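The structure appears right after this line, and notes come after that.
By letter and in written order, the chains are A, B, C and D; residue numbering begins at 1 in each of them.
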């Protein structure tokens, strides 16, 4: 009921002049290519970046173009390699370090939290750590408990780190360029299911400033804030809701830290309802923070409290079997039902959105 | 001449591993198995040579590439296949998939998908067994397998140092297929002197460079005897091997040209399964082959016919009571 | 103005029969001693547990009593040693693993999150991980950015882990016993400034069930929920507020996960105000979660929204110099002012609580 | 006979370290320094032997026990003392304290309080310098110091492997005082063969067991020459030493009886500062001693008189612009 092409439009609007339709993964590759050509201090490394698959294609051809000093693979040593990235950044380089799963970042938390996040402050501005950590998250296809986590809230928690999770090709490229140019460590979250989605991307160089949320669709009845791949699910939900005359305003925060609460609150003030869909667990998550901030702002400004709700991963480890996995994640239909209930009241159980046509999840044959 | 009973037993297990994995590869495109599979085709002699001399209550810890060791250690086959199918009868109720096979009853510790992660966990298991033996007088042994890539993680060294310091009853095995996904050893190891490095921790090491299943088994038999009698702490064994198929998934990916086809040919010529087949009476061999085929058909049917877990299973076992 | 003895009474009430006044650190040591005597599977290990200082005294004498197999130090290898603890737990033992700073736990996140938290679920109940991870947090005395973090929210975020942070001797012992007997990985957070505080502790064995909050003082005007050492600051604030006839109900959640929202909400329904004081950063923290849950519960039960607010660490790395360090933390006075403003309105700036007498912070000569 | 100018220079730096640290110990009870101090008293010859041959733009990375190397590398003394006092004129504006001394201008990378943590960071700095040298033609070198305890962390091995693999311009120094807080080496290391282990990574190693400042310096001079001329990748040096005072804080803690007093005596007899003093003319020596005393008085006064940071400093430098 909601094709990929439609989704793209929903993301990127109608084609503007000076843009072309490219995939998220290619948008990323362009960002690396342009920035590495622009600044000789930029380099890219990590497991598998120089093999023939090139991180789902996002790094293909870069070693040929920029050489083995600037694009190279490493041993399986996440902890030390993160330290290496930090050291090179302190020395004035601009490393991009890649993890093919966010779960593996649990091995380098010490370097990221104790060194990368703190060096600029602790050494009183004497050093900077202009580091980009690319980290892939995924869903589905039986990846299981250790290959499915989205841990952005752990990084949002720590002062000194920035966190970005673009949900379309345009923002993927623009935010990557901004992240590379940023003088702080930036955790850059890429969702595998988004890699093959297409979007209109400018032919001219551009950066998407970090810290700005994006309003994807306007609507007056409810504000749905969704993270990463959940943006696509929220857009599906929006379609479902439209069919019964409910207009949802879908917002993609794009940057998770610093968080653009202004854009979110402007919308919430209009709709009176905020439904936050995280692509992660709820407890102490981005959802807790966004709802708390919304509530705090309403109190500060003495405006009446909107209806507030959230959805995210089930509070369990992610199971591999498809029937349970499907229950683990919010999707367009469960989001639509939740929004419907926020508007019509919890008892309003009469409505069920139709089962969606095939989505990128069904099309996905595994990242394997 | 090697004991025919042993040859037959080794052959049967290795063939079962090979055929079952090839069958998995065959049906993979149907999406009956919606879970990444890391096959051990070509590497079977390590799993079988290592596990054959183990007792049922010895423990094996392994990686996401765990089918071979799970089978060789005596893991329940029905539970394994059902797990791959995501069925409620799976060894983990469908929650774990191919990368996390587990069968505590038969001494399979529970595999992990994060490289290196089970090495310290196995070391802790060995610590427990060392203590247990002081009560029971009987020394169970842990075997911790990892890939060549696994040895690059810091926790590998930390574990070896601790195991050596406390003389733990553990055998570390490195299955060295010289690849981590597509990246060759040369891009990851400063040198090839892993065994030399391990001996600086004061432990016995063995390097087996031809995947000879008898050599592996004999090395294990001696190692186990020493550990059980308390005359040795940890022992380290490096076994060369070759992965015939792609890193993850059902295909032969030699067309991707990231590795040498001659080397592949050498390893195929050295295939331990063919070698054992040649050592057996035709009669015995065909018996075994029939049995293996039958077993695979049975477990496949079982997996197919088993039900998926009910929705409420999503919330079971989050916390232990 | 608020002596330590008074604080103890505030915590533990008047002495009950069958109790004696002992220090937090000794209460912990008793827990180990009793549980190790009761269950031969319990063992305790980590850096420095068997030296003459014995983790501030909490492990002194245990190796002499239980031998080197059950009480021992390790190499500096947090990652592997955590795996070792998990492996021993899976094998049926009950390890207690000690970290002298919570900051060092960033080195073993992989083991805790990918293995300890997930094993029971992922292996469908076939294994259990009855593990206690003792971890010390601190404040003050110029410990700086890498020796001052309280990272409980990272662990609360992950299904499968329990998190406890007792704030008095009674709960320290009782929760430790409960944690040791619990069949799940429990992150047990001990604050150094609490080690020397005394409380009434039963002479008979007892356990404090995990998952139950404790109401420390009753009051009708505002509910103050405070974590770990902030409980002492909240009690100081309560005293300040009393002087101007404001009655605060101070609640210690004791267990941070699972969270006892029932006790908190019963209080909030009474007072209409919830001020949450975390001993950590705010973003995606325990404070976000507790305020969000409070708001969700009010919505679910259709009761009017209470005033909600939070305080915690400044959103910076912790500086070492005392003047900045003092600003980094909430204290009895800043908490009292915040509570006052929640009741009297933000403009009510007229009131300033008197400067406190020496507190345990001033008395502290460094953990060094 | 060793060049008197060199002897005088080494003596002066070592004496400055010793006297400044002893002065810190003396005033510590006043709480002017509200920050944990890990003193290097007794270990000065390593810092000075290692740093003396370095260029200003070479880089030293160290641990929380960083006063000695900070001083030896030419770190600003006023900034150091003010930092300990938590003053705004400190090398990190009072935000870092004793454990995180930094002086990038003089090649001090910024110390960390988490054991092992700076080892990979230094390795990354060396990677940057390797690349930089391809542009500039001039090879700067990184020296990464860690304690014996630091070598037990996984990242130590991961860093060595990577540095060796890429032949990075880095010298790893282990200051082996055989203690981690109060825990002796025997409880932490499976064996003593650290240098042997390091050479299995294909790198040059040196073991210096008497803390002889000239031996250390000569070893460094040769190592630097090889690395600057591109004939060697990383080099590993293990230096034995002895910590005279307690792990953290101002006291001699031999009364705590966790270490051997005879060993202490041997190391005191071998004190490199007294040795150098004996090698110098009385005149020269007294000159130096006077100068050192004066310097210490000056920086102490500076630290005392400097203001504390203003409240708004709490929020500066959280993010870089």
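FYI, a contact is a pair of C-beta atoms (placed from the backbone, for glycine too) under 8 Å apart; a residue touches a chain by one contact, two chains touch by 3 or more.
Please read these numbers as outputs of a predicted model, since none were measured by experiment.
Trainee: Both chain B and chain C are touched by which chains?
Mentor: Under the touch definition, chain B and chain C have A, D as mutual neighbours.
Trainee: Please tell me the distance, in whole Å, between the geometric centres of chain A and chain D computed from their C-alpha atoms.
Mentor: Chain centres of chain A and chain D, defined by C-alpha means, are spaced 42 Å apart.
Trainee: Taking the mean of the CA coordinates per chain, how far is chain A from chain B in Å?
Mentor: 36
Trainee: Let me have the rounded angstrom distance from the C-alpha centre of chain A over to the C-alpha centre of chain C, please.
Mentor: Chain centroid spacing, chain A to chain C, equals 33 Å.
Trainee: In chain A, what residues contact two or more other chains?
Mentor: Residues 74-75, 77, 79-80, 103-104, 106-107, 110, 114, 121-122, 144-146, 159-160, 315-317, 319 of chain A touch two or more partner chains.
Trainee: Can you list the chain D residues in contact with two or more other chains?
Mentor: 90, 95-96, 100, 112, 114, 152-155, 158, 161-162, 165, 187-189, 318 - these are the residues of chain D that touch more than one other chain.
Trainee: What topology does the chain touch graph have (line, ring, star, complete, other)?
Mentor: Topology of the interface graph: complete, with all chain pairs in contact.
Trainee: Would you pull the chain D residues touching chain B in the complex into a rising list?
Mentor: 152-158, 160-162, 164-165, 187-191, 193-194, 196-197, 200-203
Trainee: Quick one: which bits of chain D touch chain C in the complex? Just the residue numbers, please.
Mentor: Residues 33-37, 86-87, 90, 94-100, 112-116, 149-150, 152-154, 180-183, 187-189, 248-249, 256-258, 308-309, 311, 313-315, 318.
Trainee: So in the complex, which bits of chain D are touching chain A?
Mentor: Interface residues on the chain D side: 59, 90-93, 95-96, 100, 102-104, 109-110, 112, 114, 117-129, 131-132, 134, 154-155, 158-159, 161-162, 165, 316-321.
Trainee: Across the complex, what residues on chain A touch chain D?
Mentor: 43, 69, 74-75, 77, 79-93, 95, 110-111, 114-115, 119-130, 159-160, 162, 183-184
Trainee: Per the contact definition, I'd like the list of chain A residues that touch chain B in the complex.
Mentor: 47-48, 51-53, 73-80, 103-104, 106-107, 141-147, 314-317, 319-324, 327-328, 365-368
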